[in-house]
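Next come the structures, one after another.
Note that chain A is present in both complexes that follow, paired respectively with chain B and with chain C.
On to the complex of A and B.
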């Protein structure tokens, strides 16, 4: 067994273990709080697969998570802990709403314009904690979280004072322009063009991180900023760049969610996709190509929780509990570490033995 | 504008200022202890939320304030223990650990509230207890000062006393010395026989207790019930206050007062014809501004020291 294989084996087993532990915990909680646990569990686990529309829900639900997870992944890769993807996502959605309603444009171009403006808005928001950190080393963790609240209120202000539908009793924007909406691609579901953009974005991010010059600098900076500095990289510039790119991706995700799934802006608080993106990014283990799979898994849990809430007495917040548990367990570096070390030692021994044998032959 | 100024320079405003500092000061002091031990506890928000609910449930079903206090404190300590175990034993990153705790907390509180009351918004249907207000004898009779200092919630006085207690702990007790040494240089501390992990466990638990009191104040003092997401970022603001106060009790107290001022301002400014969303933003903007101002000044100082 080679080193790479050993790591892969341990990582896979750990992932499986994490998911099993999380699901066992869910079952336990359901049994504790529900008067009809088997019905609730059936709806949770099997429910999402019972109709095409529900499978569609999983795919639609995964779409925004892909964007926020990619954003989180790039930020974490730079060794930064900005939580801005939540705010950037919401900012993107708000700006897409403004462009969609206020600026008439022909079909197609309108959507592209919305997406690009949203990306710019997300990048702008994400650059604030990044620059504060670069200029005066202000902790990006706290400033980004505070900024998320600011963005939330700003977006609600935009809707309330400039784009509000007066006929509606609850807070909702005017109707988004038809010309800007993303068309559906799977009849019988709400799956929209954004899903394809999401997958393309994963491929783009894989290239960005693993095949581009910037990605190389990013990985070095994230691993060891002092090393990056001494080999002549502008490490703080790389950190800012990563956060700006991440903000743009999250912002675009916000606009895609709005234009693909809604006809009005109806959120009254940030929907939490940024936080969920952290779980997805951790599940995907630094690999953008794994993000769609991880996002689909979390979306499956969210869909299951919603179906369970509709058909039983357990509330849909169960999904958040699972996410929290998965986050805790995956982040645990020491989990299975001893086994990993043993396998690595063995791999090294074998390699040495093979090398020795070769020498003897020569 | 003059109405606003008049409002700020009134005894009512100062009274409210002290009232709103309580749920920032308590977790900020806890966060400071953690920082001193070298652990950044991002889970303050979640711990507050969970203990806020636990306090309400405990007092409603345990039939009294003491039961509520026990439930709230117990929950805060338990969650802190989970945080400590995952961070210290399983080597999970503290930021992710804290975020996980916060995610868990916001899901679990609503799930539990819904299971027990059938509602997702508030615990209004439960008959829970609140901490009583305390009138300080003699002080309450002093003209202006009496109105400001007396008649606060019990937890407010606990918070103010906690400033002194944390100061005593950090600077006058052997445990405090150990906590500071572990944070400053864990290897050095370990080499002279300080058990780094155990000391950090203690720091995280102490932080949990203070944060739990802050959380209970939210649902058993500030308001008389639990509402979902009622902590609204105060845990994070507290973390900012701890950082800005350089994790010294006095510094933490002053920066908490600063952030609470803007929290109180946002109550007063509702009188203006401004869009309410801008007023709602104020505490968060002030936290970013305060943290930035502090960091600029720290960066300047560092530069000057380098020049000398």
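On to the complex of A and C.
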């Protein structure tokens, strides 16, 4: 076994273990809180696959997570810890709403305009913590988290004072223009065109990170900023660029979620896709092509939890607890470390033996 | 009892988590009351072996015996309790605390809840007198010279009850004068019954100081010898596995026009102290221009200013006839200026990226590697990586491994490959062979001389006087941010001559120094 294979094996088993432990925990928790645990578990695990509509729910649920996870991935890859994807996502949704309602346009073009404006809005929001850091070394962690609140209340202000549906008792915007909505692509579900865009976006991000000059500079900067500076790269420029691109992706995700799933803007607070995106990015292990799978897994848990909440006596808050557990497990870098070291020792030994044999032959 | 075995490490094997076999099978034994040299190229596994002895790493296989008893050394704390002390190459001292405070750290004598200052003072004074290691006890460590800091480290180990002392390349940072002093002190310690493990690949020092030597190569023991029975050629042959040219053949220099012109250069640090104080010199094409000095006397600032990694506050720098003050690093590099940085691990590489990615990091705007758009040209990049590995003899499993899994010497070769492959006219080399094994050192020095013979300007900063005198054609000595001496001909001087000026014991006249700007 080579070193690469050993690492791959341990990583795969670790991921599997994380999932199994998480599911075992769900089972445990359900048994503790439910009077009909078998029914609850059946709904949780099997429920999401029982109808096309529910499978559709998984796909729809994964879609926004793909965008925020990609944004998180690019930001983290640049060595930055901006939490702005939450705010950029919400900003994107708010701007898409405004463009949809206020600017009439022909079908198709309208949606594209919404998406692009949302991307610009997300980029703008994400650039604020980035520039604050570039200019005055303000920690992007703090500013981005605070900015998320600013964005949230700005969006709610926009709805409340400019786009509110007066007939509605709860806070909701006017109806979005039909011309701007994203069409469904799978009859019998709400799966919309945005899912295709999400998958294309994953491919785009893979190319961006691994095959483009900017991605190369991004990886250098993220790995060692003083090295980037020394070889003549504008490392702060790369960091800002990464955050702007990430903001645009998250912002576009927000608009896609709104135009694909809703007819009105109804959020009264940020929906948390930015935070969940961190979990997805961690699960996908720095590989944009793995993001759809990771997002689908999280969406599966969310869907299962919803179905369980509907059909049994366990609440859907369970899903959030499970997410927390998964995050802890993924972050535990030392899990299975001994096994990994053993395999590595063995690999090294074999390699040495092979090299010795080669020498004898020569 | 003298002569008996105090320490034995048997069949030690250590595999790091990145798959690197640092120690493959090493047996290392030290007798009571001797100074035992541990020699080998960098990457041979000396440091790893000592880390295991000091409890910082655990062996994958093998046993450690102390006084004949099998032991497991779980942590540095455990090692100290067993009487093992270590003086690291990079000192482990708290700069803002005093000498006494540093020494008693972790074993403060107490009076109730507070530290018993008087007793601490007495303990420190006692031990420093006993072994003639004199340091000002109330000075802050940040105000001490490198040599004094080292004494503090040694005293600290003694105070913590060390019977076996490990010194990791202790002379790398010292001037010849300080080295002599250190050797004298170490011999006193040996004669008082201490056992000393002296890690070094400077063979003349081993000869002067040590009783026995263990040589390791590529993680294996090559042999144990009485130092008086072997000569330097034999030792270096065992270390490298082939004969090494210990002295470089140097053709006479053909000086061309001025390549680097510095006038009245002044650099201040963030609290406004002058780290460089109005220095002027000219370095020519076709020569190796050397800069000597004890660490922290302005060499770092000089290199940072020349390479545009730092702004300067006074004077001017012209490289190849152009004023560089407004240039970005990228523009400077486009002027064919290369820079081999002092600390390759923190500024010279991106550890998680591959060898190829590191070797072309400065060339991301080169159309050969990045097409008209922004997509990378994988094929050309791969070919380039392949070429670099062959041309610079980089030893690796494959080109895609993370560079951090290579040994120090091989990492430095990647840095060299990157910096020299862009066909530079001026090469700023800051400690190019520090922590690099004998074989790679020879290679790097030859490359630098080749460039000089091709008419390039090599600007060499080094704390290794042997290297400076061997490579440089002309030499300046920095002391306290000023040029303390200028030697127009390095063949006529010895290490001791230079050491005088490095320590600030002597200073040439203004006229003599001004010669360097001619």
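By our rule, the second predicted complex is superposed on the first by the 362 of 362 C-alpha atoms of A that agree within 3 Å, B and C clash if a C-alpha of one lies under 4 Å from a C-alpha of the other, contacts with A are read in each partner's own complex, and residues count from 1 in each chain.
Basically, contacts are C-beta pairs under 8 Å (C-beta built on N, C-alpha and C of every residue); 3 or more make two chains touch, one makes a residue touch a chain.
Just so we're clear, the structure is a prediction, and the values are computed from it rather than from any experiment.
In the superposition on chain A, A:230 makes contact with chain C only, while chain B stays out of contact range. Of the two partner chains placed by superposition, only chain C is touched by A:348; chain B is not. Once the two complexes are overlaid on the shared chain, A:216 sits against chain C while remaining clear of chain B. In the superposition on chain A, A:143 makes contact with chain B only, not with chain C.
Contacts of A:315 after superposition on the shared chain: chain B is touched, whereas chain C is not.
Counting the residues of chain A touched by each of chain B and chain C gives the higher count for B. Judged by the touch definition given at the top, the superposed model places A:12 against neither chain B nor chain C. Residues 337 of chain A touch chain B in one complex and chain C in the other. The touching residues of chain A, when paired with chain C in their complex, are 3, 207, 211-214, 216-217, 219-220, 223-224, 226-234, 337, 340-341, 344-345, 347-348, 352. Contacts from chain A toward chain B in the complex involve residues 29, 33, 81, 83, 132, 136-139, 141-143, 145-147, 149-150, 153-154, 156-157, 160-161, 275, 278-279, 282, 313-315, 317-321, 323-325, 327-328, 331-335, 337.
Those residues of chain B whose C-beta lies close enough to touch chain A in the complex are 40, 42, 82, 86, 89-93, 95-97, 99-108, 110-112, 114-115, 120, 233, 236-237, 239-240, 243, 275, 277-278, 280-281, 284-285, 287-288, 291-292, 295-296, 298-299.
Touching chain A in their complex are the following residues of chain C: 15, 17-21, 24, 60, 307, 309, 328-330, 332-333, 339, 341, 346-353, 357, 361-362, 364-365, 370, 374-376, 378, 418.
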